[in-house]
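Below, chain A partners chain B and then partners chain C, in two separate complexes.
Let's turn to the complex of A and B:
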């Protein structure tokens, strides 16, 4: 992309707006109703009267929590409703044509060609026994794509028109890998002929080599690049016409993958999905979704399974790509910050209905519907400070620490309740000789009554640290001390005692409760193990604990499968609290939860801390959450401790590049909010 | 692309038709309290859930009625016939059915109806006892292998493989040769268990290994629970569903195996009334009087069918894959 000054950018925006207005919406959904039929023939209304528009080249985000009907709406548009779902009312117009009554066959005509999909889970959406390249090829073949010419949307054509004068069908021919060396040679010759020499010429050539990707760059771009480098118009076009003759299937496949941001695409195309990381798989899916140059791309939580920094890179790339191609994107997400940052238009859904829609910043800054207000207030990526418990209002985190350290009985005890020093854990990898260092020389300590957060992306070793602190895993070297005593020496009675004081809350609220145990039995279990009280007093305690986590006592007789993720997590907190611990280790305890529920659990944890002086070791990948709960932060990367400071310091003055990248990747982190 | 925010700011000064600000009437959608509990729904455990699924399954209803009838016959054969199954009079040999003797007589002049009724007990007890024993032995060995892993798993798994490699009937024939005279059903039960526990062991090993890695075990350990307690309180109960599914389905096959062994003459001696023995006796006169063969065979088929249907229904209700977490 060429740089433009803000003036021409303004002009371009103006033009874009006019074009969008002239062409009209590419997708028009009006009063859409979708029902699912349950086993006993009852209709469940998944979507009610949803209306929204998508204009060419626009990013529109549908935001909502799980079960809000956001994905269902998107699938209805694609004609891919799962199971018993069907459209029962309203209209879906694609480029002015009603498609809601389309048959499977008619949909096949539209899918790929006019609408593309980037699905949610990259792991399950690629066939593990096919090469990546083959899967891209399949998409191209199924839609009879012309592999040697670029296909641009009307919008992109109109917008690009200002940059290059001539652009017939021929000028959209791709570079072929066969002709590339000759093309580069000719370009070099043309440059020296035009009087561009030395360093400047070398720089230009480097630029050409990087930019002229076979199967992705077109003839007019080559000509354009040459002209910009100083070659005369006629000469540039002559070279472009002579050497840019169209690409082969292999060229096109690697061109598409390269476009999606996969380095070394030609090699990658021959690999299998298991050789790719999650982020790379998602890029491959983007390449497939865009392979047939659809006018509308539907992206269903395309990056939710990925680390934030990877998410940012992929979305940046997708944004640039769709801008250039003039592709409209319907973006489904649960993350309000992400939606506001990426989309021009936001549609907020709740319980199958659209509760609010409009230009994204306006919706975010002046939310009007009570639900949107609630959502904005709870979004961790938009929150700017630590949750202050109702009981501790007015006291800042510093004072909070002070208070607990100098508290009545804690005086004689050490200030640090948990101290980790030079902790290292090595794992033996299958089929490899050398040991893999999951945790490498990590030291930190948790102050009594405060929260220390360990942040890092997947594979940073943060959960391994948590498991060693919990004495569920033996460190290779280094020590963990609790109340000044090395926990490696604990066994039998001392271990039981340690377990009583240090309790975990795990990530997966669906896995951490035994499905065969009633809620009562689950919460009672720690009391039983430690032989506390009799049947009657235990029941009383369970009732107290349920009150503590704000769950009705009637859930005692229920089973985990009847509760939502957030409710289960609150039960897990109740179980952890049963023995009156001093320390709770939260391993991604809120990561699987919807924003509102996440906010609720965080507030609960915070209130408990304020009331009981608990210390938390909080493991998370989400820096946004850290800001809400932590007093101190430890940033980990690839098993090493990168940065350790107070939360405010880390957020305001990050010292290391990695921390800066992490902070930068928080979606919506830079947006200013005005809650009214 | 760092300036996307700027783009949006500029774009939202002018709004495209159809994208104007829209806010639903606050009353149109009732805002729920965040994550409230639906207290109206009845509480269900996995077993209660399974029972509800079962109750609606016609396969289960039909098989349950049949099995109840068979059990009743096995417990109280005297209700159906006053005759002694071993009271045979040669003068009645191969007589056709008559009032009081609806199925007629066999070669030895024994009442076929009476023998079929009394044979139920043998077949049923072999089936049920073998199933129970297989369940205990198989799941215990499998659970130990799956839970402890390492060399214990290696040893137990190879041991299982060895037994699996022996064809059940062949093994049973060899072993039963040694106890030809005993008339007790226990010898059949033990032999069938000896060669039948392997499948259950494998299933339970798999189920235990799967359950072992679930987070609630780690949670329990962190609460201070011992490994042994975890196995007994969490892992085994959670693996039970898979084990029950295989064993109920194979109950039918144990009954057939008993009949086969008795048919081959190495099962129960002729003094013990059993369907297999009767079928064996009837084969010689198959061409002249097929009805003698028909009745015990039909009883056997119906019983086995009922148990297999029951196994299928239980599988549908308990199958871990079809169960939502």
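Let's turn to the complex of A and C:
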């Protein structure tokens, strides 16, 4: 980013900020205290004296790890605290009005049209039994929205007012799908009348067809578009007035979905949630959250469950949309890089308290509180960013790296411990004749003592490859060899031996540990299955392993549900290490964890590799993590291997557009980081 | 969908064949000689006995008897009882009574089970939730014949609110108490099922999303909590209808209702294999059809389920 560009952007930001300040905060949270009551009537303090403001049109991010009280604060603002949670002190003011003591009935009045929510997990936030359109409709009906007219927030009006002439209410009437064909015909006629013909006219018409979405575009925009295309003012307004008469409910619903970035919205609105992908569901939730044009949108980790590239697209879209509508956004995230990239202000929460707040770059470049410093240090997006910028400045990036990447020479010399060649896996899809190729002719090899990362979005086939390497899935064709032997031939004793040397760590630490097994039993199980040692020596080994993953030995008698996600993942690593394996296959092993915990687990994996010469096959969708752990990277897309190179090569000179997109999607990638 | 339906209907054939064979074998294996029983205390005339045996195919080996029964059943001829009545007539008399009883019990358990379950699930931990839970637990753990006798004693004898027994050709009031007793256990199960569904659904993320839209509490409960909670309840109810049609043996005996259960019981005592097997065939069909209906209903209620 050039100096000039960023200067002018700063200026614009300042101007915007002035305007925001003028209007006073839309949300003012002061000394907020939230308690949860436990079964034995004890109060657990979830939020302590939290204060922050959100001004109209502003993006404010609350950053913190899980359990820091960031989501709880947001839910307290919405009056949607779960279970026994309740506000015990402080004040929450919405547009100057105290709402913390509101009853449920009063909250119903402000929810939807003053405050909207875009929740965290798109899969569970839409009711599976209702059509998408119906669930958007509920939002409109609950707030008695006028579906034929647009309602815009004050700031949007103020912002638009400086550029466009003041519009009367009627000019905000939506296009209806019934009149659309006639409108397009009239536009065509008007164009030829105005002397616009041939290719140019065709281009204009294509533009109109794409832009004039029923239920989303308004009368004045139609007129505006026509005038820009060369039609005279009077004629344009006459056409707009004649044919833009207001939309129906169905039009408005698909208009909203279209705005949220859902293509072919009219058809999509009639589908059910299970027919949507995660990214599409999140778009539908954005449409619902913004349906009644709230002044404040609370986005609670809106993209944490999604692939990075989808995350970027959705946040870009949300940003553009809220800018246009003048909606203020309270953005909850655990990723500091993402927060800094998206928000103007950052509020850092830790153990229920606000430990730091201020303008984003300020917080990022000069963190004051030790916790913020740790967050800045741990965020993978920022870490890889730091390495890149260090290199750009010609400094020694090695010092910044946790993992010392082996050079190409060492890689070439090392022995191949796992070799995958021409691996293909086909699945039969229901109700379809042709087979679906989940993995298509993939070849690579993992060298002893190094880490190979497979990167790709969900559905790229990376986990299928991992399962085939682990011999949990049979390849359709191609081979996997372990130490030169084809694993498809392993049976009985040889298979047991293979299992002993190649161990998995899976994504979901909640699902991969048996809840009925104590921690001791979970770690001891592989030893018992392989008949190693007696009871006493096995117990000794479990103690060693717990030491290795830096867990206290006292956890042995506890059960998985008593541990946090990060602790569980350590247990999973300890279990994988129990048999002294040569290879560990990590299938999204850190994706479900908070940044700080993620950082700890990555460090642990790096240390173990340095100490014991382990080889890792590391499956992830997050390129930022790759930088911290991998020596080599394989990029997969739609089952195919698109790029294979050393980590440095991939980050410094990505060859394929897809790899570039993935790199581009790392949050915080465009931040100007101070190197202090 | 059509293909799926056809497959399910074809699947009924082995099910019906299997159950009839099994029941035929069981009745055949029952101790005691039905012909001897017909003579009662009178001395047995060997010639007459042999004639009866020949007439009812009782002198033939088991498998032949079964195949002959099947052959006749295909032409809807289920044979005669030992007293000479056509089996189909007896069933024709008893079945409407059972249907009436079963439907009454069904309506009773559905309405009260769902209502109490919803109240309980929405207000978990309140005193009436505890009361509903304890009563439902009692109804599940106490056997039907105990509940039946208690109801007869208090409602029928002591307070004289309802007739004690139903007798032949019973009316609505005659069947009210048997229906309530018959439906009580299922009602208790429905209360518990509805309660747990409602209380887990109300914590779902999409319920919070619905509240965040600004929807009123009433419509959130109706559209997002109850609509989803009722899917498993409706499934249970559908299967229970099949069970009610056949499982009324105890209640029908206690309340002297001359329905299918009563008839089955009597026929087993008399060793009327034709009658027992015919009834079982009928009940199997009802059960299989109910199951199919439930599966279809399930697909209609839950868009995620599609049959192909």
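Keep this in mind: the second predicted complex is superposed on the first by the 622 of 676 C-alpha atoms of A that agree within 3 Å, B and C clash if a C-alpha of one lies under 4 Å from a C-alpha of the other, contacts with A are read in each partner's own complex, and residues count from 1 in each chain.
Here, a residue touches a chain if its C-beta (ideal position, glycine included) is under 8 Å from a C-beta of that chain, and two chains touch if they have at least 3 such contacts.
Quick caveat: nothing in here was measured; it's all calculated off a predicted structure.
In this superposed model built on chain A, chain B and chain C occupy separate space and fit side by side.
Touch criterion not met for A:618: it reaches neither chain B nor chain C.
Of the two partner chains placed around the shared chain by superposition, chain C is the only one that A:112 touches, whereas chain B remains out of contact.
By the touch criterion stated above, A:369 is placed in contact with chain B alone, chain C being left untouched.
By the touch criterion defined above, A:80 lies against chain C but remains apart from chain B after alignment on the C-alpha atoms of chain A.
Judged by the number of chain A residues each one touches, B leads among chain B and chain C.
After overlaying the two complexes on the shared chain, residue contacts for A:499 are found with chain B alone; chain C is out of touch. Shared-chain residue A:292: touches chain C; no touch with chain B. The vertex angle at chain A, taken between the C-alpha centres of chain B and chain C once both structures are aligned on chain A, is 30 degrees to the nearest 10.
Contacts of A:28 after superposition on the shared chain: chain B is touched, whereas chain C is not. Between chain B and chain C in the chain A overlay, the least Cα distance found is 6 Å. Residue ranges on chain A touching chain C, taken from their complex, read 78, 80, 82-83, 104-105, 108-113, 115-117, 119, 121, 124-131, 138-139, 142-143, 272, 274, 285, 288-289, 291-292, 430-431. Looking at the complex, you find that chain C touches chain A at residues 203-206, 208-217, 219, 223-224, 227-228, 231, 301-304, 308. Of all residues in chain A, only 10, 13, 17, 20-21, 25, 28, 51, 53, 55, 58, 316, 319-320, 341-345, 350-351, 353-363, 368-371, 374, 470, 472, 495-496, 499-500, 503-504, 506-508, 510-516, 518, 525-526, 529-530, 551-552, 554-555, 557-559, 561-564, 566-567, 572, 575, 579, 596-597, 599-600, 670-671 touch chain B in the complex they form.
Partner chain A is touched in their complex by these residues of chain B: 1, 4-5, 7-12, 14-24, 26, 28-29, 31-32, 34-35, 37, 39, 41, 43-46, 49, 214-216, 218-225, 229, 234, 237-238, 324-325.
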